[in-house]
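Next, two complexes with subunit A in common: one pairs it with subunit B, the other with subunit C.
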Partner chain A sequence: MSVASHSARSRVTLKARRLPGWAPAGVGAAAILIAALAVYLPGAGGPVLTSVVAALLFLVGLGALSTVVEGGRAARNRVATSLVYAAFVLALAPLLSVALTLVTKGSERLNGYFLGVSMKGVSAFDNKGGAYHAIIGTLEQAGIATLITVPLGVLGAVYIVEYGRGRLAALIRFFVDVMTGIPSIVAGLFILAFWVLVVSPMFNNGRPEYSGFAAALALSVLMLPTIVRSTEEMLRLVPGALREGAYALGIPKWKTITKIVLPTAAPGIVTGVMLAVARACGETAPVILVALGNPAINFNPFSGGQSSLSLYVYEQAGTASKYAPGRAWAAALTLVVLVLSLTVAAKLLARRNKLAR
Partner chain B sequence: MSQQSLTTTPASPSGAGGGGALPRGSRFGAERAFRILATAAGSTVLVIIVAIAAFLIAKAIPSLRADSENFLTFKDWFANESPPTFGIAALAFGTVVTSALALIMAVPVALGIALCLTHYAHRRVASTLGFFIDLLAAVPSVVFGLWGRDYFRGPVSDLSTFLHDNFGWIPIFGSKGPYGASILLGSIVLAIMVLPIVTSLSREVFLQTPKHNEEAALALGATRWEMIRTAVLPYGKPGIIAAVMLGLGRALGETIALALTLGAVYNVSFDLLGISGNTIAANIALKFAEANPTGRSALIASGLVLFAITLVVNVTARAIVYRRREFLGGAA
Partner chain C sequence: MAKRIEAVNVSAYYGAFRAIDNISMTIEPKSVTALIGPSGCGKSTFLRSINRMHEVLPGAKVEGQLLIDGQNIYDRDIDVTAVRRTIGMVFQRPNPFPTMSIYDNVVAGLRLNGVRKKSLLDAACEKALRGANLWNEVKDRLNRPGAGLSGGQQQRLCIARAIAVEPQVVLMDEPCSALDPISTLAIEDLIAELKNEYTIVIVTHNMQQAARVSDRTGFFSIDKTGEPGRLIEYDDTAKIFTNPSVKRTEDYITGRFG
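Presenting the complex of A and B:
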């Protein structure tokens, strides 16, 4: 007996009934049309409400249609797919808005003058002033923090990967991870309580010294766990055969680590450091607490208040002057360009990293 | 942050990572010196955590002694007055409410995007968009705060009017206005900020689902959604919980974006639309400039509470990740 005649008799088909390929698009078009009519005819709202209503109509319509034609399981699958893509669009909208606002508002004021002058002697209501002092502050603070954390972080990771055994190593690993979650404002308060209020008065005739260096210390607290973590992951990728080869040649362990393991892992370590620096550049909260800010250019990170780009954005955002928002957005754009170029450079470096592939 | 990783690196059972026993007795004790140096560097982390707790407690005590109200239950913040009266109640409430709302909004969307990137979108598209999301995680919070204050306040005010007009009978939408710097605005901005972190963490979790489980589900005739529900989500559950907790830790400690978008009012109210809201972290940033020594100490005391809350959240999240790591190590 042939298959065809069998199926013809008992009405069993091997192919389930499916909606045609254009069905989602058709339902979508109908949903938009109905939503537009329902929203605009009574004058209830604008394009935002229309798209929300259309999205709901689309979900309900497609689900119902699919249930009737294809059955419940396929309908749930279609609704889930739509929801997943909807999540994507929903998230993209505000993020694109942030990017667009940043570029359009930021570029209005961003020019050589803005990058070249400070706010010294500029009142909030003057249509002038720039962010030079803040750029200096950001670079110095992030630079000092990098100088502090890179040796400490890399050595710490060396301990965890190469030497760490037993409870101490497990404890350190665990608390490195926990430390990545410390809020930046708490790091700032810690440096305030420790450095500014307790240690710095010893060098400053008993008065607390707010300084760019204190901000660098706070940024170090935030950068350290990130650098330890990323370095640790890179060191683990270095093949054990490289170490064993060195040991076989009679090279002591510390030389194996400094001459073979670390150079092999170097590109990955640099990537991790750059990402940590990028994050540190954008931190505002610790700088408010321990560097205080300064409208004038202060090259000395050890004495006197210092500003930073993120602090400058925050100050200008809180200033009631019609010129303040322009300055805030221009500085924000400068900051984002700085942070994102560091991040992109780090990611590109990571893609060329042979170890991680 | 893209650096926070839930991926499990095996603790060097074979080949990569770690050295074993070694030729002993190197000259000049250079080996010992290097080992001690590395151990000291590793221990710095523990020293810093302990030092944070110790210094915050030491500097918080004077103001807590001087406080003439109950620090845990008083709502207002007059730390510069004499006698100082201040309490953490409204701030802790605002911190928890904004973070919870932000997560309620962000987590479903973030999981949707992560699923989209791992199981729906084309591979090349997915890797480009994943890169883009990682970049967004690097955008400084002050930029989101500025956007929320300068630009997003208008749309949220319109939304508030709409919600009040249509759903005003629900108490949380009861406020008649004026609208603006509200809990709604603050928590939406916060949700947008934690979105990239939760997305990139849960994306890594979803990518780790064993291909065999997925293919087995599909081979049994499961639709894509059924495959995700039966293979991907159960496998990733601990990882998702950890990602959400890490996002929560980030939200609880967020300072600047909330200092710029919330109303900085010390009240305990579930009204989402009116000018209201404050958090521990935002209050520290807002009040620091005008604080006298007692006020500063009071802010440090509030920071200590925040430190304790985030420590608990992070330790819990990490404990979940570590349990999962052991579980995976046993299974693999």
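Presenting the complex of A and C:
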């Protein structure tokens, strides 16, 4: 038979020589040893230089060994794999470093007292004071901004995806893209010029009113494009077949959108909203410009200056007092934990809705 | 229950492209009508124009008259949602609503059209699922997600969802093309039962299926790519498959097309 004779003539080799499983670990240990000797004996540097030299030695050594034993393709595979892992570690290192620094330095002062008092009457020589007023400010400003932007942003995205046709929709999308790139200080200046200096005097006997609400408006300007764009992407991911399935049941378009399309996209929309909230919580510039900051507790977002956590961190980091840096770190940790817990809560809520319904 | 559909000179467009040209046919109540023909010949377009689903796509429009009970569904004073409630549709790929349970999927059409009463919904759900031959398989897990069923079950769920609103006509756009032979058989049996109550129009690429399930068959074709699709022959299924009067129909059915 021709098939049999063919396979007999040129037998396919599927086996190849492979390095043993412990080879990468062995090369790694050898690389670290050689690097340590080369760095520490002449006293050229410390652990950082050692690890860089070790990583390079590992790459070269493993590549060379693999080329000799396994051949070129396998060697390139090993080097590429090592590079991918190295990139992952490099990307993760700053994140871990930031998190670690934040937790160690922030947890020193973070306690019930810090969370429960304001900075009113705290002088540079007092080891007292807390972030209560700033937490209230952040929650109120970000909360009001979220209340303003979520309906606007989601409905805007619904318009773009479900109703918008032709030039108007394209124009709106373009301007949303432009808005995404607005620096926060510009948003703050816009609200300062428009709201604080022009509109608010009408309600305040002709005097401009700096307030947490103005800060919320500035944060809204920053959050709106993020929410519109992320919601738009999520709505586009909802298959057209679902909309057609709903239309074919005689369900009107607006009910199809509110009962079928939006619930299907809800987890993604929530993620986008939380990204926007996280960004708003971290903004300092607009709060400085239009809410001014306030060392005392101010529950009223519509009247008087208000602080926020990010503004508090900025102030404390710049205050000439040996107790201020500790307060700044503790407030930074508070901010991160606050945003993190809000995000987790929102995600859990979105997921539960989906399954229980 | 069932209604007669009369298409009079129906043409459908995608933008400037004319997809079907001057289709006229009468579909009898309580019968199964199969539409066959090569890909791109306008079967699905014609099917979608029967319940005004064609115009959902941007730039699509329909000309001509489609009469249900003597009313042209393309008249200006027609309520589109009422048309679609009267003429249900099952799609090529099962499309259960992913956020809803089996129960919610079946009653979605009723609930989102304003039916609130639990007892009514429960009764409609059971009736539709029994009608779609799915009740025994899912009656103990009505609160589980509809997307967790197998492909064949999902398609029967979509059929149950379509008949839960008690339409007069059920349109099926290649309902079995994504299913295995056993699920296909289940759906074909179902079509035979549904025929007692509904008018059914089914688009299929499977000629054996058309021969098995339908009473009347329409053969659509195009002269060449870019030309609109036309209805070549429309007759009793037995005649189309044994003694078609047009040469092109015979060529297509016996596999000598092109």
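Things to note:
One rule holds in what follows: the second predicted complex is superposed on the first by the 272 of 357 C-alpha atoms of A that agree within 3 Å, B and C clash if a C-alpha of one lies under 4 Å from a C-alpha of the other, contacts with A are read in each partner's own complex, and residues count from 1 in each chain.
Rule of thumb we're sticking to: a residue touches a chain if its C-beta (ideal position, glycine included) is under 8 Å from a C-beta of that chain, and two chains touch if they have at least 3 such contacts.
Being a predicted model, the structure only gives us computed values, none of them experimental.
Once the two complexes are overlaid on the shared chain, A:Ala241 sits against subunit B and subunit C alike. By the document's definition of touching, neither partner reaches A:Thr319: not subunit B, not subunit C. Contacts of A:Ser303 after superposition on the shared chain: neither subunit B nor subunit C is touched.
Once the two complexes are overlaid on the shared chain, A:Ile260 sits against subunit C while remaining clear of subunit B.
Set against each other, subunit B and subunit C touch different numbers of residues in subunit A, with B touching more.
In the overlay built on the shared chain, the residue A:Asn204 is in contact with neither subunit B nor subunit C.
Look at A:Leu249: by the touch rule set out above, it reaches subunit C but stays clear of subunit B. Overlap of the subunit B and subunit C interfaces on subunit A: residues 239, 241, 243, 247, 250, 252, 256. Residue ranges of subunit C in contact with subunit A, taken from their complex: 51, 53, 56, 58, 81-86, 88-89, 91, 93, 95-101, 104, 108-109, 112-113, 145, 158, 161-162, 165.
Residues of subunit A touching subunit B in their complex: 45, 48-49, 73-74, 76-77, 80-81, 83-88, 90-91, 94-95, 97-98, 101-102, 105, 151-153, 155-156, 158-164, 168-169, 171-172, 174-187, 189-190, 192-194, 197-198, 221, 224-226, 228-230, 232-233, 235-241, 243, 247, 250, 252-254, 256-258, 272, 275-276, 278-279, 281-285, 288-289, 310, 313-314, 317-318, 325, 328-329, 332, 335-336, 339-340, 343-344, 347.
Per the touch definition, subunit B reaches subunit A in the complex via residues 1-5, 9, 12, 14-19, 22-23, 26, 30-31, 33-35, 37-46, 48-49, 51-52, 55-56, 58-59, 108-113, 115-116, 120, 131, 134-136, 138-147, 149-152, 155, 162, 188, 192, 195, 199, 223-226, 228, 246, 249-250, 252-256, 259-260, 281, 284-285, 288-289, 296, 299-300, 303, 306-307, 310-311, 313-315, 317-318, 321-322. Across the complex, subunit C is touched by residues 165, 239, 241-252, 255-256, 259-260, 263-264, 266, 354-355, 357 of subunit A.
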